[in-house]
């Protein structure tokens, strides 16, 4: 890991318009991502964790222009890429790649593995020795080159995920956005992919934006973690710090909810009450206040900002200090 | 299996070689047949080479589909009949016992007999020969109209589905407007405006049902647009045109083929309906619809005149429908009905 | 027979006839569920854990599915041979089930209230419709759905995933069944909701004195909820025991590997352990131990059917490693 | 399934029983092939309108009994001046229109002037062109003065397009409204017109000729002849017309009454005299030789038509059958081949020549066109058959755009009506664009004189030149008029013009 | 819901514009003209010219179009052939068309839905094969041919039903008798497609998770099928039937011709053949409006059947 920033997201907002009425006027927005900032250094893994609908996938998509950013800025190294046109974007396209959750929908069923991997090579480096490169990337992803002529449906979930990784690698990216890459896989396969991702990071110096809902997985792979709730970052810290010293009540509740695979550590814990509010109808003030056991008037009135509470530890809570002491 | 077909083809080619006269019909048929035989040979060769090279059965989506289809008896029956009809259609000039146009005024409106196997019509033309030629024309028109139809429908549906938003709105609204004009009326009016040529007929018939076609393709491409592999392609910077071509279109192919197969039957029925109104294929060219519409006037006198074209229409529509249904089951597609 | 045993599955084999051949959904599975107990059946996808559960209620689509061997004893009746009419009396009334996908498991065009009320109407025909309505509201209250009266008239799509699962639970509990089969009840839900649902099931189990058959792929959920555990692999039980024995004295290499390959929140791990290879194709399961091709301790004898080795009354594993009497290093 | 079947069966049963019970009124149901466009005599064109109107309106003179000789109807008697220019009609007294108005000479004047009024664009205006003045010296006398003698003038007055309308009522309604609610003096009153469904007439108890036996007449347009045949066979219709020959013979077997008379309808093939190669006599001859008409015509028309040799129907003044028959060209493929070869050599007929033959949509004319197409195919000429609707076909024909066409004609038994408009160059009915000074002169002269012998001579001259020297048309057939009636219907006979007259001086159709 | 309805109805404006322009263009592209058609073969050039002037056919195209549009919207469009108001002519025909459509729909629904359900439930049984084969035949035989066969069978041979024509309203005995045969022949195609659709929709629904849930509750097979499955399958079936109704208006032309039925479809076809431009124009526009309205109704019914859809 170096100190060079490869990706910086500043106050990113992704809103989807809500249209209603006779003329389908925009009457409001679903604030999928509502002012998120973070940065990723070269060789670092930034984990983004949160429950479904919290906007973590949308952030990933916004970075690679699959969703338009409503406001805010995205930088690749020094270059702002937020609103670049497709043509202007082209030089940066290869640098940021994505790995998807569903290994079944992420590969074109009508293309052979070779073609899938060759597509970015042919597009970005038309002069390259395609066959040799395909072999190399397949090997890198832990697949044998005999796979080349097969079609995706002949592979198991884990192998498909490897093909997806090989395809991403074929662009020679610096950043990989991994959107829940292991959540659809069986436990015994999950670990293979996690290990592969870690190995690739070591060997190629990649940076990851690792999006997942499984805290254990995120914890295992990330250097730093951001906890999201309803489109906002609630807490950002290094992995160790976050796990040892979670400050935000939501982070704490999340940790408490995760079942521990050890019957002896079974606890009579009280789970977090209530459900995530609909993003159409976000509560005022702190977005977590409806479920927060410590919520006060202040939480209902004012939106807490992310504040620095320690070395690289940010938290967005009015009461973190009190809770901490408790 | 394929090899036997190929040998039969070769045999037929040699058999009919002597019959190629200056008649354009036979020449066209013969060359089409020759080309098909060549293609068959090419397929056999590639299959053989693939059989050699593949170590363990590489099964593409098509292979899987074929396996499933093969177990569906009615679909296979449909397919064989379709193949048979194609042979009849292509080889028509060689296999007709009589010139389908020649009128034998001494043999009017006959029932089946030893000379004319399926009898003659009220102008002394051989019903069997006319039915064979009519099959050729029906299949040809059906195929062309459906091709045109699916081309228009597919491209509009693809664009609407992939680009979404205003493009989608515009295309789909336009197609809905188009659909709101009752088809038969539109066909009659268009035929009146354009004249009743064969080409116009194809054009008019191919304009029907574009909406259904486009709707399904649009639905599919809308789904595919959100597929992760399309996202992946976008992230890699692949231009839209190429995404449409390489990722979306190939994955819409199954519904397109199914729809097209099912549509052929409909097209033939539509043309028959137009013939009934006097707007179909013009005399003296034999067409199933006008043969049936005409035979209907002789229902008492000579029922073979209706039975023959009726059966052929039934056979064509039924076999294409069975085959199409089988395809749909095999591909487990989202299309219903 | 142990009077405490409510349900006993004996040597169950369920097959599916597919176009490519006959697949064993489960093969020789035996387990028993005691009164008030939670038995977890754990395994990866395709291990046959759901098939056994579905076989109990005979919900396997027939054809292609078929129970070819074994017995399922409930209340002295063998469910594998019971008539459809008898089964209908048991389903929902004696044994209820909740499913993995609350999104698709509720009928989208019928209101929540009517869906819950339906089993009441069916199994307790003496109830008047107002009584049923009252019961439905009580049930919704019981599973923790706020403003139950209003929710009654809503359609499933108006509820969130967690709410739907609560409705499913209310539906299952409507006739106070003796056994609840929960087929992956939380795997489609978020962590916080998962915790809520699990604790709800636990609470209700105690309240209603039910036995729960918990089917899951998640060892952590097992550890949280189960009393006994059956670990399945490729349609068979490879290890069976009390929850503590499974987590702290596991014998089978598969279970070992599985536990080691999980990323964990409570302990630090460097590199994750990986089980090599893939789950065998169900059409093409190797002879002998189905796990042997992935097993780091594969031996020549693994090609033969592994023996069942008992380590305690309740704890057994099927593995050649312990064939000489059973020891663990 | 079974329940539905039972319900349907009981429904059917009860309904059939109920329906068979009622039969108080005498209703005559007549099937016609097409719906008339108008019932206002001023607007009527075509046989369907005339057929219906003939039962609502009366004309001054009548040709209902005999197509050749005028009989009195609304006019009791009439005189024609020696120079053939002044017609004086004495009208019958005491006749009332259906609405109760008295019939007087002013109604006659009004009707004829309405036809001649340019604003009405009446299709029959042309037949009244020679009229100079119409005077009504008293209420029951009409004097019509012509500019020139016009032999078929009585025919014009006797045709149903000259049915007399009530002046006051028509003016009150307006011409267009009157079209949908006609009022006449005829045996039946107009009751209802439900478009594409039926036209209902009820009996006029005050009809001056006779009280109709039938209470109600329903004309039903049935577009498909096979459906009409089924209706007749099933008893849904009492009278059917324009049926397919094969159905007619079957109906005869089934015991329905089939009557037929030689008709005044013809079918012919025409060439375009202005366009190459049709303008070349040899081409026309070659086509004539190439087609076996003697076989094809009976094949197509069966019992329904006889081969025609001239334009003038057999039995009509100047028919000249023997001469024309002798000079008709026989089927001679060798001769045809030789002629085509000759034309090709001279460059008049291009190699791979292609043209279109036009015909209306009725099955028989379509078949004629098909025969031409099929036969010429054997001589290397590709002929497309086009069968547009009337509205498309007529403008093309009138503009002289059709190289070859299969058409027909139907009219009253006077040679002028069968020739004049067809062959004189100024006429827009001259689809062939034929122009021959001799023919033109003969035809023009023919309509102005009244001596039958002289007239016959003139028409013979014209036809011989046009048809068996120039071969500009190939006459195909004169159709019979066949009507099929149920055995209940009594006293109905077909008329050569395909009219259906229910009540005349000699006839009063009845249902038993 | 109201908003949705209004928005859909607002779409009528561009629709009418599009359809009217298209129809007008087609009419003007067609050779021949109404005056010739009206006056017949005997008409002189002068008479035709006069008639053309009378119907404003000698005006420039854009004026003719504008005039037609103005007349259409003010309800003043006059048929050339029938010399009456287009709207009232169409309205006069409407009962025959609607009643026929209704009856054939009824026959089709009554027969095809139960058959479709049974086929789906007894998949691959003899009944399934038999009914699907019949359905296949139904879609494969041209409707005009079934029409004439029905006429011969029921009217000529059995002599139980009238062969053709409109006998009065559906609710009169004579009207019903006349309507049975055309309705039967028209319902054939509809029956075939509805049966097939019902079957496939049921098959799809039967495999859904909620069916399993219902079975797990101990619900009997019959109730599962009728209450749980059919309610869901009804959604695609309604869409299909709705589409078919909308098309029935003009799709019945062939049937109407065979049975000499005074319906709107034949009116329009005859109007085209007679070059009755205002009538064609009016008919097609009205049909387009009816099509839109029926579709809208179907969509609203759809929303009623499918609670997941909310219109706003």
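A, B, C, D and E are the chain letters, set down in written order, and residue numbers restart from 1 in every chain.
The rule we apply is simple: a residue touches a chain if its C-beta (ideal position, glycine included) is under 8 Å from a C-beta of that chain, and two chains touch if they have at least 3 such contacts.
Predicted model only: the values in this text are computed from it and were never measured.
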> To get from chain C to chain D along touching chains, fewest steps?
Replying inline: 2
> What chains touch chain B and also chain C?
Replying inline: A, E
>> Please identify the chain with the largest separation between its CA centroid and the CA centroid of chain A.
In response: D
> Among the chains in this structure, which pair is joined by the largest number of C-beta pairs in contact?
Replying inline: D-E
> From the C-alpha centre of chain D to that of chain E, how far is it in Å?
Replying inline: 37
> Approximately how many whole Å separate the CA-defined centres of chain A and chain D?
Replying inline: 86
> Roughly how many whole angstrom separate the Cα centroids of chain A and chain E?
Replying inline: 53
> CA centre of chain B versus CA centre of chain D: separation in Å?
Replying inline: 45
>> If a residue has to touch 2 or more other chains to count, which residues of chain E qualify?
In response: 30-31, 148, 152, 257, 272-273
>> Among all residues of chain A, which ones touch two or more of the remaining chains?
In response: none
> Of all residues in chain B, which are in touch with two or more distinct other chains?
Replying inline: 192, 296, 299
> Any idea which chain C residues touch chain A in the complex?
Replying inline: 44-45, 160, 162-163, 190-196, 198-199, 217-224, 226, 243-244, 247-248, 257-259, 261-266, 269, 271-275, 278-279
>> For a test of understanding, state which residues of chain E touch chain D in their complex under the given definition.
In response: 30-48, 50-51, 54, 81-84, 89, 92-93, 96, 110-111, 114-115, 148, 151-152, 155-156, 159-166, 173-174, 176-177, 180, 257-263, 266-267, 270, 272-275
>> Help me check something: in the complex, which residues belonging to chain E touch chain B?
In response: 11, 14-15, 18-19, 22-23, 26-27, 29-31, 136-137, 139-145, 148, 152, 193, 196-197, 200-201, 204, 236, 240, 247, 249-251, 253-254, 257, 265, 268-269, 272-273, 280, 283-284, 287-288, 291-292
>> Per the contact definition, I'd like the list of chain B residues that touch chain E in the complex.
In response: 173-174, 176-186, 188-190, 192-194, 265, 269, 272-273, 276-277, 289, 292-293, 296, 299, 306, 310, 313-314, 317-318, 321-322, 336-337
> Within the complex, which stretch of chain B touches chain A?
Replying inline: 54-55, 58-61, 64, 227-229, 231-239, 246-247, 250-251, 253
